[in-house]
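Supplied in structure tokens, the structure appears directly below.
Labels for the chains are A, B, C and D, by order of writing; each one numbers its residues from 1.
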């Protein structure tokens, strides 16, 4: 950490600061410039509260040199995290394909889609039972009945299931769900993240609509710091000024996050673009950038889907898209498939 | 609502759509252009799910003509909402000044600040007991003990108290707090909003970091739709590309929201800019734009504040800032003070 | 175009509006709803000035149904535009690889890089002679001498050359340059765009840092409307809140623009991310999304480059990246190579 | 400037770097931490090219400590810049009110508006002769005839005139215009900025739609570095995700820029919000934040304006708005009026 002092800092306050830092085991190396004095701090600064220091009268600015996340940091954990769900692996170079409807509507629908996507190459089933909607007047999901239907589809196909949890109080309902999804709007719901850190199911953490990589990793850090080391990062598009697409898929996150962290990174092209026509191209892009997998919405009857119909592939279109994904994955990651 | 059809839409599908709409009491007026056919819908379209219609094969685009919020809409509720908390009014042209420390640290601190800001003109005390922090390693607030201290300050000064609630499970702890604050990162925590709609304390709803006015009002609508009509909107700065300020205060929201909604709108310049030096200028700007009040961080010892020290005014600086606020309020709103 | 009227519009003003529109050959179909009256306009509305109509007292809002660009619109020009530069094709499914240094530094440097990238598979050479820099104190390019060096490299290798033009007054200097690049910061320099529409060299139009697809196509429309139909669109990263990358590559533009327009779309991953380590992954992503080509910075000695060194590949790293690009292009576009 | 080295940097390269820096008169103070080595640079680093250093293999990151602008920096020029145009002052605590139509349409119109706004308190006339429009099919301004009309209005009222210049080649046409406006889309048209630095008329520099304060000041620096010290900064709204307003007025720029620079800062609420209803509130907010003035669009017949009608005040509404501006200016700046 670097502290940039104001011109002519008060000597007593400066001594106090150095004394306080030394009490925390941190050594201070000053550089006296013509314009500014800079303090270089040596020691474990990861738990220093940057706000506390910024507030001092003698301080003009504070800059971090080290990342504020530890458990998620590849520097301290160079090996890829690989999550194994009954033999289905996520991370470490294996291609993970998650597919299913945005929201669960009926058992017949979900079981039918699950069988179809499994045959086309999906390794995990997704489906929403509790739906966060920006309007209180929109369909809010089937709730508990939705969970029951997802488990019936799991039973029928053997596919592990991922579904969104909105509140820690729902944890008992998710006892048999394999992966707990945290939605983009809850990425900084710290109460929920803390609760998920204290249980041991894998967490699929969607990126917030305008969150930075560091904020996203700090949210992962909440789960990891609680003792649960199974976090999957899912990019689902960020908010930009573009209106033709619903959001803007940030594929750059793939190579950058693979350098910053050991956690698996997957891509959700369906929510990112909002139109099924563009989903296969964006799924290809995500895998070509090195992602560990994709999460794709598939609906047997998108025209009558209760939400997000326009972005869902039909099972047929999904079946056509998978071979290109596998071929590109073979080129860029050497091709481990589940 | 307007539906724009693709060229040469399938006749059967078009008839199905018109039949379905008529079943919901909605009449369809087609306009056949050279390029496009447009359907104008007449009737109560506020509860039509725009996604359902967008998903149809024959539909190119759907545009809303009416706002999707009803309870928060000034068109259906032309009078300003005025919230009365034991004689302290918010909304309707009265100047509301909320002040206090970002986080509660000790009883001595909070009672001292409360007495001081009351004397300078504050009408409501703020203070955080539970703190949402982006890092799990930062100070998370005093919790229950923080609530106790706030209530002691209320007792000592008679000022009503606002404090942030992070989770519906905390509601019993807030039994004696006067106003429940929902933080920016929880603006779309729909579980929390639904819970707050079913109780009757006023809710101070901060705007999300990159939320639009409509999304913000839809979150207010969650509370209103639950039966609680006491929502205060608080602008606290949006995320932009600027790095000199922490966030960017959007003062435009004041005249726009006063036209869109009857709910009170207040401004938080402290979180918006992140530096105490700029807080008085921005508070002035908010009031000059017509806001119903301000929420300002005040700390007796900003250099040792546990969070957000750099943005806190000292009690002295706060005392100097209040008269300008009142003078500007007199000019633009005719000057009703609590 | 759809006009949404305010409640109870003045009858005289409404008649005036309808009369004025009919004078422009546009028929008006009103839809009288319970809340709103909507006018659907039938006829050629592409040249109606939306601002003129929005300004009327009786108008609440105006929404376009048709895109405001005509020459760039795929609807009126369904075939891909293919630009041929002495046998090197851009567009229409051919993979275009443009490579070279950010700024021209010496003849030895540029000729050396040109020979190397040609051998590795590049089909066009890039290099900057005039450099737009945000600081007046940064290196501004070699100017005329830079142009001379680029032409020497063209002579030595036979590669066509693209270079950035900053001002219409520079046109004579670019007489032998093959493609004129318009930089991101000049995307809405309309004086320059008009001048480029009146000459016939191809224009490589970079997207502005925070421009929408429609604004970008309207800038292309300036060139096309002037009579020059050879425009290449180049995505080079948009400004977002992320700071780890310089900008954020928007690969979604590829499938969306290929639907909206017939113009070729290429991707510049170097400027987008700002770090050479991530360039190959992003180039892969762009091609996997269906782009017509890439523009990649290559420098023989990035550590001593006069600008943008951190984002340049060495010739060796470039040589390693090309085969993956070709293999992915074969999968997604069936593989036409220059 | 601070250089953060990678772990275990190559010794030879490090020596080379230190040798190179010392040749530029810069001393290097290393701080060897457990995780990182940091080099603090002492000397005049304002002209070091940050890109050159970032590109080195041994360097992880470079952070500036000093601002990259000198001539615009208040630290080196503590007194406010005051620009005097025939007795009308801009800057230094005087309230400047610029008003007039967005685009010049006829002599009668402009002279009429000029007389009216002068009577209401405006001190400078604005009007566009050359209009940058995002569509080539929109009205592009009257051009030379527009300049003639503006000069006729200047003659008739004595008001100095500001008008937008789009290209250095237009300079002769602006010989009698008092202030040259650079539009938001040209903020980084460096060819134009350099040309404006070499002449001596004041330049009104609008902020780019998504530019940072630092980029804006670097553009001002282009003019100042050329020898012209008369630059006026004009905030006209930034691009955000909000769609109810055209752009978002960033009033925070006022207190921040007044700290960073000695140049005058004015506010354009008309372009910022795009609707006349909100203009007076935002003008108030700008003055309350401490701005040196406002630039307001006034049109005698907004419903028939050739551009931007919806955001123009009528002369009557303008006359009503001025007294509040003056009263607020009296409170916050002590009230020097032209």
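Here, a contact is a pair of C-beta atoms (placed from the backbone, for glycine too) under 8 Å apart; a residue touches a chain by one contact, two chains touch by 3 or more.
Remember, it's a predicted structure, so these values are computed and weren't measured experimentally.
Participant: Determine which of the two chain pairs, A-D or C-D, is joined by the larger number of C-beta pairs in contact.
Facilitator: C-D
Participant: So, comparing C-alpha centroids, which chain is the farthest one from chain B?
Facilitator: Result for the farthest chain: C.
Participant: Using Cα averages as centroids, what's the distance between chain B and chain D in whole Å?
Facilitator: 31
Participant: Counting only Cα atoms for the centres, state how far chain A is from chain D in Å.
Facilitator: Using C-alpha averages as centres, the distance is 39 Å.
Participant: Measure off the straight-line distance from the CA centroid of chain C to the CA centroid of chain D, and report it in whole Å.
Facilitator: Using C-alpha averages as centres, the distance is 27 Å.
Participant: Counting only residues that touch at least two other chains, what does the list for chain C look like?
Facilitator: 210, 239, 241
Participant: Name, in rising order, each residue of chain A that touches chain D in their complex.
Facilitator: Interface residues on the chain A side: 2, 4, 29, 31-36, 38, 40-44, 61, 63, 65-66, 239, 241.
Participant: Where on chain B is chain A touching in the complex?
Facilitator: Listed in rising order, the residues of chain B that touch chain A are 46-47, 49, 51-52, 54-57, 68, 132-139, 166-169, 185-186, 188-191, 194, 209-210, 215, 218-219, 221-222, 225-226, 239, 302-310, 312.
Participant: For a test of understanding, state which residues of chain B touch chain D in their complex under the given definition.
Facilitator: 210-214, 238, 240-245, 248-252, 254-256, 259-260, 272-273, 277-278, 281-282, 284-290, 324, 327-328, 331-332
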